[in-house]
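The next part holds the structures, each set out as structure tokens.
In what comes next, subunit A is part of two complexes: it sits with subunit B in the first one and with subunit C in the second one.
Here is the complex of A and B:
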């Protein structure tokens, strides 16, 4: 077991090193950073104290959008890179169990997503903090000059702790997406098929709250049962979409138990999809 | 009796093709053994089932029928793979690693103890003659160097059985010769080598035994000496052979009930000639520098 853990960490390390050298990763990171940086143009509009919310929405949206693309495409590329270049053949001819190989690949991608989310969240946090200081000064001067009845409202102030918690949830969501992609890759023959199917599954996961909302309206017990089953089969990504509620003070704050439940939910799906991927990969002919 | 390095018994492997699952039989009822500390050549045309057999030996494919053992262990077990080193055909490695980092990576994957790893890595890099290039990135290596670093990663965990799939594919005769010497060195160190190659001269030069496959069937197996011997015929190598002697020799042979079949001019093999000439040219260029 210890030797398998050592192998997993070695495979993860190399997967990560390979991934950060990929142009696609660097391109998405640069694009994400540029997107967050471009939020400075919001200063040209007069959003008032709401400006920080616009910047945060814009930045968080960018992290979700590019992060989802990266989680799917990088997982598919790194998996099929090993198959097509036959480095998987060299690896699996060694005393490496197939589950350890897959776990190493997934862990490498998890690290990659951590770096991606960490970089973009750090930039977004720094940018929000910088702009917040400017706005606080600006509104304070207006307040002192009696041109404003109140100072900069506390409800518009950024909660860095909430931003970090949101980053953690998004990272977990990307890891679930990577595990789904790995499952698809474990039985599919091409990179393209894996990417397309994984994007479809991502859309289902993203939109399945519609089915949840209409649960009770379905008359047929069969269809209700089917939609219930599909609702369990695919994770509901809306559970992770609590960015604004965490980053800014909310009237009803997100309870810690809900965040813990979302983390448990994500970890459970990662474990299930990875187990299914291992089962499928075990019988795959390399 | 010593446990054979590889024992394949009634191996059959079918592949299902397409949605209808049409069956393609890649290997059909194959049985052979590879003795410990022998160099064994596995030959056959493309599509003869060599790669499939090799993948079954490596535990990468499950047999449809039959079994495969490595030193008495099931070939698909992790324990068996600890005893095996493998060099794939036209190997591709992580280009951003240096040769030393690559071999070290595979050593750690094979659980070579940390305190032995640096020495073991240096030793195998020296064995394959890449010490000078060990700290260069693999992406800058020539094809021959890739084969040699591939061989280094295959033997870094000191396996008892080394499987080489087309180790000389795309390599020039000098590189080929170096790989042949490495195979002989591996045998000297007590390893068993399974060699799959289209370079028949190399197989003949280094292998003790061989098996020939065709369309999934074993068509010949045995020691190289036995298989290549022409029963009832011998060669005489004569220096300064006078034409007049031919008649007398024929008469002598006829008296003994034998017959002279033909007289050929002795020839050197083309790869030997190439190596001699290149070696001489290299020596000359070193002398004139």
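Here is the complex of A and C:
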């Protein structure tokens, strides 16, 4: 067991190092950083106290967009890189179990996503904090000069703790997506097929809530059954948006149990998809 | 018929069935966790009315919306509308305003800025584009656009009920564009009731209903609200409110015993340009 854990950590380390050296990762990080940095352009507009919400939406949207692409493409590339370069054969010829190989790969990608989300969230948080201080000061001066009926509203203030929690939830979502991609990669023959199928699954997971919310309102028994089936078959990625409600004070308070449920949901789905990927990879001919 | 258990179809079919069965089981087992987080997310998210997206559904909008990028798409739509507004491109400005508010109706600024563009800017563009337009026609455009601005804000109030900024903007459109004091007074009253810093809309409401002839109603409302005014908040203008009570009592000839007899706030002296109740002859008051 200890040797398996060592193998997993070695594979994870190598996967992570290989991933951060990839141009694709660096390109996406730069794009994400540029997108968040470009939010300073919003100062040109008079958004009022809602400017922070606008910047946060923009930045979080960028993290989700580029993060989703990275989770799928990096997982597929790193998996097929080992297969195509025959390094997987060399590795698996040694006493490395297939499940350890996959677990190591996933862990490496999980670390990669942590770095990605961490970098972008840190920049976004710093930018929001800096701009918040400026806006608070500006509105306080207006308030003192009686040009505003109220001071900067508390409802528009960024909650840094909420931003970090949201980042963790998004990271968890990317990890589930990476595990799904690993499952697809475990039985597919090409990188391109894996990327395309994983993107479609990602979209279905984003849309799953429609089936989940509406199956009992459909009259046709066949469509109703299909809707129920689809609602149960794919994880609901939209529920990770519960984290976005934490960045600013929510209209309806978010209970801790909802956050815990989202975390538990994500972790269990990672375990399910990884187990399935291991089962599928076992019978694969390399 | 015998089944060839070594065939590709058998092996792949069995593997696929195993994957589907496991995922289905996971979905059923994890349903309570899903509901717990999803119910909270759902309650805080406005329902998307796809019909409102209209012609904007193309261009990847639908994919983006369902792909979980609703907020960022709304922001981009608003920015595009802003650029269109800068070059006075009416169709694009209106289309993008509608798209932004449909995608993310929680952003107050989309509604307030959009309403101002509809009610104030678009009529001004008409004058700019057609300098020969008669005053009558211009007035017609002003009224039409003011009503469209009000309808736009009403749509916003469906998502943000009793929102101070939206109600205040409605009041100002009634006031500045339609010159409808009764309509403005009602919106000022609603705005005053939504916030703890109600001073400005409260003053406007009292002033308008008073000059519209509802003197007793204005007086009673002012007396009630005066008791809640803080001494140390300049914007509350407690002195001015005290003065308004004196003016009303004299103007309405309220008998001495029925008057409020509130003490005069310290350091208050009437401004020479005082016009808290226009149309009321201050005379010796």
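Please note the rule applied: the second predicted complex is superposed on the first by the 280 of 286 C-alpha atoms of A that agree within 3 Å, B and C clash if a C-alpha of one lies under 4 Å from a C-alpha of the other, contacts with A are read in each partner's own complex, and residues count from 1 in each chain.
Just so we're on the same page, contacts are C-beta pairs under 8 Å (C-beta built on N, C-alpha and C of every residue); 3 or more make two chains touch, one makes a residue touch a chain.
These numbers come from a predicted model, not from an experiment.
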| item | value |
| --- | --- |
| Combined model on subunit A: subunit C and subunit B, fit or clash | fit |
| Partner chain(s) touched by A:286 [first = subunit B, second = subunit C, both, neither] | first |
| Touching partner for A:6 - first (subunit B), second (subunit C), both, neither | first |
| First (subunit B), second (subunit C), both or neither touched by A:212 | second |
| Which partner, subunit B or subunit C, touches more subunit A residues | C |
| Which of subunit B and subunit C A:85 touches, first, second, both or neither | first |
| Which superposed partner A:189 touches (first subunit B, second subunit C, both, neither) | neither |
| Minimal inter-chain CA distance - subunit C and subunit B, angstrom | 5 |
| Residues of subunit A that lie at the interface with subunit B and also at the interface with subunit C | 283 |
| Subunit B to subunit A touching residues, read off their complex | 15, 55, 58-62, 78-79, 81-82, 84, 86, 88, 91-94, 96, 105-106, 108-111, 150, 153, 157, 163 |
| Subunit A residues within the subunit C interface of the complex | 45, 47-48, 50, 53-54, 57-58, 60-62, 64-65, 146, 149-150, 183, 187, 202-203, 206-207, 209, 212-213, 229, 231-239, 241-242, 244-245, 250-252, 254-255, 257-259, 261-262, 264-265, 268-269, 272, 275-276, 279-280, 283 |
| In the complex, subunit A residues that touch subunit B | 3, 6-7, 10-11, 14, 17-18, 21, 85-87, 89-97, 283, 285-286 |
| Touching residues (chain side subunit C, partner subunit A) in the complex | 11, 15, 18-20, 22-24, 26-28, 30-34, 36-45, 63, 66-69, 71-72, 74-75, 82, 104, 107-109, 195, 197, 199-200, 234-235 |
